[in-house]
Every structure is written in structure tokens, then in C-alpha cells.
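In the two complexes that follow, chain A is the common piece, with chain B as its partner first and chain C second.
Up next, the complex of A and B:
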């Protein structure tokens, strides 16, 4: 069963609706004992890094999260907090994936980056199985991860940034898979069936 | 490359989609969930739902519509209309909306904009501005375009961004419902003096109008209602037209 981590700052309803569409059973919880029974975990996210980290800290999930051994998918802020650090209110993050999250340059670009943009798949990953290269996904964010060794998909907005990352069992997508039409649904299906 | 967005807008009254001219003369335009699914299938990039119900019953119905829409479609959508406290914002997002559009309440209480933005993040907050020409500038109108405020639309757009709006939805009241084209001066002025995406609204009648809003008005997204509701122009036609004019779109 899939466990959706509830930390009071996520778009849980949307992720749940997408899993319903896939006919997948899931539960929503903020309780470690319950979440430990999940075969796969999803950390949804909207909002900002500091409050996400604070909420996860308050419900006592921080240390547990970094040691999770089942397949894990972080979405948007859920991906960003996998990194070492976010410049968004100078926030120390989980440190699962090396790197730093920084803001788009709003002297050159409209920020937030809102809308549909292409993802160039840069490494073989089960997450992008049956996804054509340069497929469109929906983004809405002001901060981003640079392209690095864990990048599996990248997107151009002023410069290339990480649209998706993977390190061992930890997967992260900057785009909202749950709001990216059929392609987004396919990514979630891949995570459930192949990761 | 980030694509330009085509956004059908649905005005919802007591659970039904309606469309009027210049904010009045409302006609029934169908079931919002059915329309939402149709637009999503046809390639809409996002949707906007505005609740124009006057009664408390109507508002309850609207939240139920939002929940049904969220289950029916897998593209982002914004809801607006009568949102005046942070709890309203949370309720809309909990029901499955991605963003809320704030209008009259933030003109009357600008601090509400900060409160909403800190509660859910600026990426979920759209400041909607109804602007009407007044001499060589534009004034801000509230309450569905029925009351003139003392604010200048350009100055208010800049202040709304400072206060945490992640996006601006700019409606020209002069152009709305006329199908004679967007107010390009208004759009360009606001787009060039703010750092967040601008959604153009009011006046779409042809594919050229939509192209002009993007190329001349510098809009990042275009919103329209009646041309879609009555199937005068399809979303696919518009996108194909934009693409042949070298405007990036999701096809």
C-alpha cells in the first residue's frame, strides 16, 4: 500500500485523486508506525521549504525520512527538501541528495516559473518509462535545484535546472505529476509499478 | 521553453456555468464539471472558476463543484469569487484547487494578501485586478465591477506583487464581453513593470486577439470565456495558430 505523508502543507487531495484514477489503494498519515507499513511513500508539496521542514520536524519525521528504505517520491517542495539546503528562508534540508536549492533570477525571468514546460530525460530511470523525451509537465515554483549527478530529467527556464532527481530509492520531481495530465499520471504509475 | 497558457474561465452561479456581457446579462453555459473535462481534453493548460453566487447556499454548492472538478481533471485550476479570509483560501485548496484568485477583499484589506500568501505560498495566490480606463490611466474596480476604488491599476499591480501575489489576472472592464480584443496597453504596462506572470483577460474574440495579447501585450497566459463556451474557436485551433506564429504552446 502507498503511504502519503501528511504534514499539513501538501496538496494531498490532488495526489489522492490521481491515485484514485489509477485505482491504487493508499492511506494518508503523519504517524511513523503507520507509515513504516507502507510499501511506497509519497511526500507531496506546495508552499515553501522552511515551513515544510518545520512541519515535518514537529511531527517527528525528519530523521526517519532520511533512513527510509522503500521507494520514496517527493513532489515539488517534497523534492526540494531532499537536498542539503534551500536558500528559501535559509533552510537546512534532509541532505539525502547533495546540492543546494536557489531562487530563479527575477531580474531576468518572471518568477514563479508557472506553466507547462518540457522535460528532457537525461538518464535511464524507471520513473520515465513510456514517457516521450521532451514531454510537457506542469511546474509552479520560484526555487530550483541545479543540474547535478543525481539529475534524471532537466528543464530550461533561463537556464537548465533539475526537473527530476534520483538517488537510490529516493525519487523527486519538481513538476506536479498529479496535475500534469496523462504524462503525469504515467509518471505516478511508473513510480508505483516499476520503482 | 516555458509555453504560453490558454485558460478557459468559467463563471459559476449556484452550481451552473453562466456567461454575461460586461459583468451583466447572464446566460446559462452548462455544467461546470462537464465543461472542465471537455476543456481539459481539448488541451486547456489551466482553468479558472469564479463563483458569482450571491447566497451562502450558492457558495456551499461551489465548494462541492470544486471537489468534483478536482476528481474529474488532472490539470491545474484556480478558484475565485468572494474569498475574503484565510480560511476561505484553505478551504478552496483543501477541496482540490491549486490557486485562489483574490480581488475585492485585497483591495479593501491589502494585508489579507500577505496573510494568504504566507499561509499557502505566493505560488497559490493570484491577484485579480478589474481595471477600467480613466483618462490616460486605469482605475481599479471591485465587487464584480460595480464599484470604483481610489486605486490606480498599475500601482496596485506592483503593490500586489510586493505583498505576495504570485501571479496577476488582469481584466479590462472596457474590453470584457466585447470580443474586440484585449486592452494591450494595459497588459503591456503591467507586464513590463512587474516580475510575476500576467494573465490577460477580457475582450477575446479571435485567434489574432490572443496572439496580440502575448506578442504585444507581453502576457504569459490568456484567459477567455465566451469564445470557448459557445465553441466559436477551439483551443486546438488557437494553439496551432500560435505555434505557426512562433509562440511556444503545449500541443
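Up next, the complex of A and C:
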């Protein structure tokens, strides 16, 4: 069963709605004992990095999260906090994926980046199975990960940034797969069936 | 450009008003969620939903209709209508709302809104700039503050807001074309904001014009319900 991690700031309902559409059983919890029984984990996210890390700390999930061995999908902030550090309120993050999250240059760009944008699939990953290259997904974010060795999909907004990353069993998508129409549903389906 | 089909809710129904007048409404459907679903199925995944009674009462009233829309998967829904409390905001976010539209409260208590922007993130807020006869109107459009759109946008941008929904109330629901001059002048003064145009769209040409001057998004209401523009035409715009 899929466990959706509830840390009080998330976008749980939308992810749940998408899993309902896929006919998937899931549960929502902030309890380690329950979450340990999940075959797959999803960390949804909206809001900002500091409060997300603080909430996860308060419910005692930080250390456990970095060591999970089941497939894990972080969405938006849920992806960003997989990195070492976020410039958003200067926040130390989980450090699962090496790198730093920084803000788009708002002297040159409209920030946040809001709307549909193309994802260029840059590495073979089960997450992007049956997804056309340069498919559109829905983004809402002010901070981004630059392109690095763990990037599996990248998007241009003034510059190229990581739209999706993977390191071992940890997957992260900057776009809101749960709000990205059929392509987003396919990504969630891929995570559930193939990752 | 993002296209936001509008769903205005009054007594559980999907309605359209003219110029914000509650006495002058057309009922289009008794199932706002069926309307929302039809937009999604046509490839329009973003929605602008207003609780009209909420706007009148200064708190969300039509919870049942709103949650039925928020239960639909694969959509981004922004919700407005008299939102003035942290409690309403949390409840809407918990129910799955992508963003909330804050109107009167931002005029009257900008610091409260500034705190929320800091707490929840600027991505989750849209500031409504309702313009009537050149001044910013507030409180369900029934009262007016002596404030220009430019002064208000400047204040809220300083408070951290990045998205502004600008409606020319005189043109809303009138199918007479949008107020391009108003949007052009705001974008010239505040090039970094996301401007969502609302009011007056009557044909695809209007949307092309709004895109041309740099509007980030447009709310389309009556023109869609009256068949002046089709969902097919609009979905073509969304991913450009």
C-alpha cells in the first residue's frame, strides 16, 4: 500500500484524488510505525522548505526519511528537501541528493514560475515511461535545483533546472504530477507500477 | 498563457452575474462539479472558483459545492469569495485548493495578508484588484475604497504578493472586450508581477490581445458559457 506522508503543510488531498483516479489504495499518516508498513511513500508538498523541515522534525521523521528503502516520491517541496540545503530561509535539508536549492533570478524572470512547461527527459528512468519527450507539466515554485548528475528531466525557465531527479530509490519531481492532467497521472502510475 | 474558466457559485448553483450585481444572474448549472469536470475533460486543468455568497458574507458559505470541485483530480483550483480568516484558508488548502484569492482583506489589513504570504508561500495567494470607475473596489463590490490600482498593487507587491487578479467590474459579464489599457499600464509599472486579467472577454481575439501585452493568465466566464469561445480554442492556449 502507498503511504502519503502528512506533515501538515502538504498537498495531500490532491495527491489522494489522483491516486483515487488510479484506483490505488493508500493511507495518510505522520506516524513512523504506520509509514514503515508502506510499500511506497509519497511526500507531497507546497509551501516552503523551512516549515516543511520543521514539521517533519516535529513529528520525528527526519532521520527515518533519509534511510527509507522503499520507492519514495517527493513532489515540489517534497523534492526540494531531498537536497542538502535550500536557500529558502537558509534551511538544512535531508541530504539524500547532493546539491543546493536556490531562488530563480527575479531580476530577470517572473517569480514564482507558475504554469505549464515542457520537461525534457534527460535520462532513462521508469518514472518517465510512456511519457513523450517535451511533454507539458504544471509548475508552481520560486526555488529550483540546478541540473546535476541526479537530474532525469529538465525544464527551461530563464535557465535549465531540474524538473525531476532520481537517486536510487528516491525520486523527486518539481512539477505537480497530481495537477498535470493525463501526463501527470501517467507519472504517478509509473511510480506505483514501475519504480 | 494560463486559462482559468470561471465557476461562480450561488446557492449551490453555477451562475454568472453582470457587473457584480447579485440581482442580475443567470443559472447555468445546478452542479458546479459537473461543470468543473467538463472543463478538465476538455483539457482546461485550471479553474477560478468564486463563492458569491461568501463574498457577500465575508466568509466561505458554499463548502459543499467547493469541496465537490476540489475532489476532482488533476486540476489546479483557485478559490475566492470573501476569504478573511486563516481558518477558511487552512480549510481550503486542506480540501485541495491550489491558491486562494484575497480581496477586501488585502485592502483593509495588508499586514495580515503579508503574514499569510510569509507563512504559506506567495505561490498560494492571488490578490484581487477589483477596479470600478478607476478605483479599487472591495467588500463584495458593494463598497469602494479611495485607492488606485497602481498604489494597491505596489503595496501588495512589497508585502510579497506576486499574482494579481485584476477585474474591471464595469466590463465583467458584459462581453464587451477587456480593459487592455488598465492591464498594459499595470504591467508597464510592475513588469515582474503575474497579472491575471478578468472581465470582458468575449472572443478569442481578446485573449490573444491579453497574451500579447504580457498577461500571465485570463479568467474566462460568460464568453465560455455563452459559446462565444470554445473549450477547444482555449485549451490550445494553455500550453503556449
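Methods note: the second predicted complex is superposed on the first by the 195 of 195 C-alpha atoms of A that agree within 3 Å, B and C clash if a C-alpha of one lies under 4 Å from a C-alpha of the other, contacts with A are read in each partner's own complex, and residues count from 1 in each chain.
Following the convention adopted for this analysis, a contact is a pair of C-beta atoms (placed from the backbone, for glycine too) under 8 Å apart; a residue touches a chain by one contact, two chains touch by 3 or more.
Given the structure is predicted, the values throughout are model-derived calculations rather than measurements.
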item: Superposition on chain A - do chain B and chain C clash or fit; value: clash
item: First, second, both or neither for A:132, with chain B first and chain C second; value: neither
item: First (chain B), second (chain C), both or neither touched by A:63; value: neither
item: Touching partner for A:14 - first (chain B), second (chain C), both, neither; value: both
item: First (chain B), second (chain C), both or neither touched by A:181; value: both
item: Which of chain B and chain C A:157 touches, first, second, both or neither; value: first
item: Touched partner set for A:37, first chain B, second chain C, both or neither; value: neither
item: Set of chain A residues, in rising order, touched by both chain B and chain C; value: 11, 13-14, 17-18, 20-21, 46-48, 106, 110-112, 114-116, 136, 138, 140-142, 176, 178-182, 184-185
item: Residues of chain A that touch chain C when the two form their complex; value: 11-14, 17-18, 20-21, 46-48, 51, 106, 110-112, 114-116, 136, 138, 140-142, 176, 178-182, 184-185
item: Chain A-facing residues of chain C, complex; value: 2, 40, 43, 45, 70-76, 93-96, 98, 119-124, 162-163, 192-194, 216-217, 238-239
item: Complex interface listing, chain B residues touching chain A; value: 1-5, 40, 45-46, 70-71, 74-76, 93-96, 98, 120-124, 166-167, 195-197, 220-221, 250
item: Chain A to chain B touching residues, read off their complex; value: 11, 13-14, 17-18, 20-21, 46-48, 106-107, 110-118, 136, 138-142, 156-157, 176, 178-182, 184-185
